[in-house]
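In the part that follows, the structures are each spelled out as structure tokens.
Heads up, the next two complexes both have subunit A, just with different partners, subunit B and then subunit C.
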Partner chain A sequence: MYKQVCFFALILLIAACGPNVDAPLPILGERDVAPNGDTIYRSIPNFAFVDQDSQLVNNATFDGKIYAVDFFFIHCPTICPKVKANGLRIYQKFLNDDRFMLLSHSIDTKNDTVAALKRHVDKLNIDAKKWRFVTGARDSIFGIADDYFSIAKENPDAPGGFDHSGRIILVDKNRHVRAFCNGTDAEDTDRFIRDIERLLKEQFPANK
Partner chain B sequence: MRTFLLFPLAFFCLSLFTVACDDRAKVQLLQKETEDLHDDAMKGMSVINRVARNFKKEVAELDSIGTTAALERKAALLTVIEQMEKAENDMMSWMAEYKAPDSLSTADAVQYLQDQYQKMQKNQADIKAAMHAAKSLAK
Partner chain C sequence: MQKILILSLSLAIFWVFACVGNQYPSGARVYKATCANCHLDDGAGLGALIPPLANSDYLIQHRDQLACIVRYGLADTILVNGIRYQEQMAGIPNLSEVQITNVLNYIGSNWGNKVPAFRLEEVRASLQSCNSLPTQDTKTKQ
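Take a look at the complex of A and B:
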């Protein structure tokens, strides 16, 4: 009897120590303290780019939504095809969920023109309002990439910055980075999809 | 007679198959090396873009100072910025032109990939040279 009680207690302890899938995702990045004692989290700065339909895409485009971000270029022979495949899985999973969008920035500002992005999107056969592919001034694209990647990094003490690693980054309604994954890794993308679901539950508690 | 010819024929076919597989493996290895080199060079490109952006901010500040020293510093910065932007543009051109040699014959694919590898080596060297030049101007 004593052994059975100990066994069940051990099972409960292990279950309690496991990951709490309902716990909010952490807010990533450095933080500061305001004079009133509030914590200030790093947020994604203002941006403005043009998408495949020549439409302006800026922070207001994602008002009230959460979104996944990556950086690619159309002719990338190595990393990007894998990230695209995993990106399509994320897109399909949340296709009918208006609370979530995707944003892909081309870092090849010379060749990935608006027309080239349009052809790329047409080939993918996706809803261009759901998944925006943008271009802009090269320094602006790389600058915002540094902003995202300096928050979404494996080692908090490393300087960070854009490194063409295929990372996909999750941003919440308040422009805070909440999660990221290795977009070339299918398993890590599965985990990222679960993170998106967690964030949707957290940021839209009354819906779905 | 047939049996006498069978073994040399089988050996010949097997040799052809082995050579073809070796050639294809060589193409795949060259392709991987070229694309890995490109991925590595891209990391350097991110760095020089970051440095160039910082230099451009400094150039804008120097414009308002106007002293001889400021003008000399500005000229030096602009030279390195131009070097960095050329390396970036060359990378963008390489990315647009490179195609995996799937439709080429083995011999053409090997030649193509060797050419592309050399171009990427040159680009990587240019990126490193730009980073080295930038370090000499770092405060």
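Take a look at the complex of A and C:
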């Protein structure tokens, strides 16, 4: 009898700790209550960058879509290939889903020119309309990394010359950050893929 | 109770063997620390940017150059499994001859590779003839 109770308690405990897959993903970051009583959530500010095909990429590029963001540089000797490999898994998973896009920012704005980005992306066999690789003014890129809760800064002592995080960040239709994962970790990326599916369900209830 | 104990014990033993299944544990450690960031944990490489080490014909065809590539990197275009790779690889100059031997054996015996094992003398001899090869100097390392 005692054993059965223990077993039951254990099951309850596991059930209580497990994630509630039906609940909407939280909106991450600071929030304020406005005078009219609405809660104002932190959101991604306006931005304008140039992609691997010299096309303008700004907030309008992602209108009515959700998108995943990361920060990298081509000659990155550390985590970037792992993050890219997991990013490619996300890309493949949602390849035919027009409601989702990816956006990679180069933080090495001096070396990663448009031509260099183009060459890099072509070797990964990526559809340039689906996954935009952008460069821009150094301070704008470093600044927007903060808004995505990521890290990008120059550090001559770091391998390759930059400190940066391997996070992949999920942004919703309303410019709110809703989830992130450690892009060097395959299991965490699997969980992130499920988060993307949850957000798609939440923000596009009518179709699919 | 005893049954559960035996079961969990045998599971634990199985798990240990399943994870430490490779014959070159110190080569595996070197791989994880110095190679896996780019060539990835499963040796798959990345698109046409980073060549695969898994099921790689290059390992068999260029056996005598592998130690030099690990130490001094590569600035040349190479052909691996029919695909052309042109990105620079940084060398890892601080690995010892023993570490290079171990890591080559780890790579050569995993992921579908069947490269006959390297002996230390062979790696030492290869490293002495590096200069005649189209490898890059360590100073151009990223």
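Quick note on the criterion: the second predicted complex is superposed on the first by the 176 of 208 C-alpha atoms of A that agree within 3 Å, B and C clash if a C-alpha of one lies under 4 Å from a C-alpha of the other, contacts with A are read in each partner's own complex, and residues count from 1 in each chain.
Heads up, the rule we're going with is that contacts are C-beta pairs under 8 Å (C-beta built on N, C-alpha and C of every residue); 3 or more make two chains touch, one makes a residue touch a chain.
Just so we're clear, the structure is a prediction, and the values are computed from it rather than from any experiment.
S.K.: What does the overlay on subunit A give for subunit B and subunit C, a clash or a fit?
M.R.: clash
S.K.: Quick one: name whichever of subunit B and subunit C touches more residues of subunit A.
M.R.: B
S.K.: Using the touch definition from the top, say if A:Ile40 reaches subunit B (first), subunit C (second), both or neither.
M.R.: neither
S.K.: Quick one: is A:Asn125 in contact with subunit B, with subunit C, with both, or with neither? Answer first, second, both or neither.
M.R.: It touches subunit C, and subunit B stays clear.
S.K.: Using the touch definition from the top, say if A:Arg138 reaches subunit B (first), subunit C (second), both or neither.
M.R.: first
S.K.: Once the structures are superposed on A, label A:Asp146 by its partner contacts, choosing first (subunit B), second (subunit C), both or neither.
M.R.: Only subunit B is touched by A:Asp146; subunit C is not.
S.K.: Using the touch definition from the top, say if A:Leu56 reaches subunit B (first), subunit C (second), both or neither.
M.R.: Neither partner.
S.K.: I'd like to know which partner A:Pro81 touches here: subunit B for first, subunit C for second, both or neither.
M.R.: A:Pro81 sits against subunit C, while subunit B stays out of touch.
S.K.: Taking the stated contact definition, name every residue in subunit A that is touched by subunit B in one complex and by subunit C in the other, in rising order.
M.R.: The overlap between the subunit B and subunit C interfaces on subunit A comprises residues 75, 77-79.
S.K.: Could you please specify the touching residues of subunit B with respect to subunit A in the complex?
M.R.: Touching subunit A: residues 35-36, 38-39, 42-43, 45-47, 49-50, 52-53, 56, 88-89, 92-93, 95-96, 98, 100 of subunit B.
S.K.: Contact residues on subunit A for subunit B in the complex?
M.R.: So the residues of subunit A in touch with subunit B come to 73, 75-79, 108-111, 138-139, 142-143, 145-146, 161-164.
S.K.: Can you check the complex and tell me which residues of subunit A touch subunit C?
M.R.: Interface residues on the subunit A side: 75, 77-79, 81-82, 84-85, 88, 120, 123-125, 160.
S.K.: Given the complex with subunit A, which residues does subunit C contribute to the contact?
M.R.: Contacts found on subunit C: 36-40, 44, 46-50, 90, 142.
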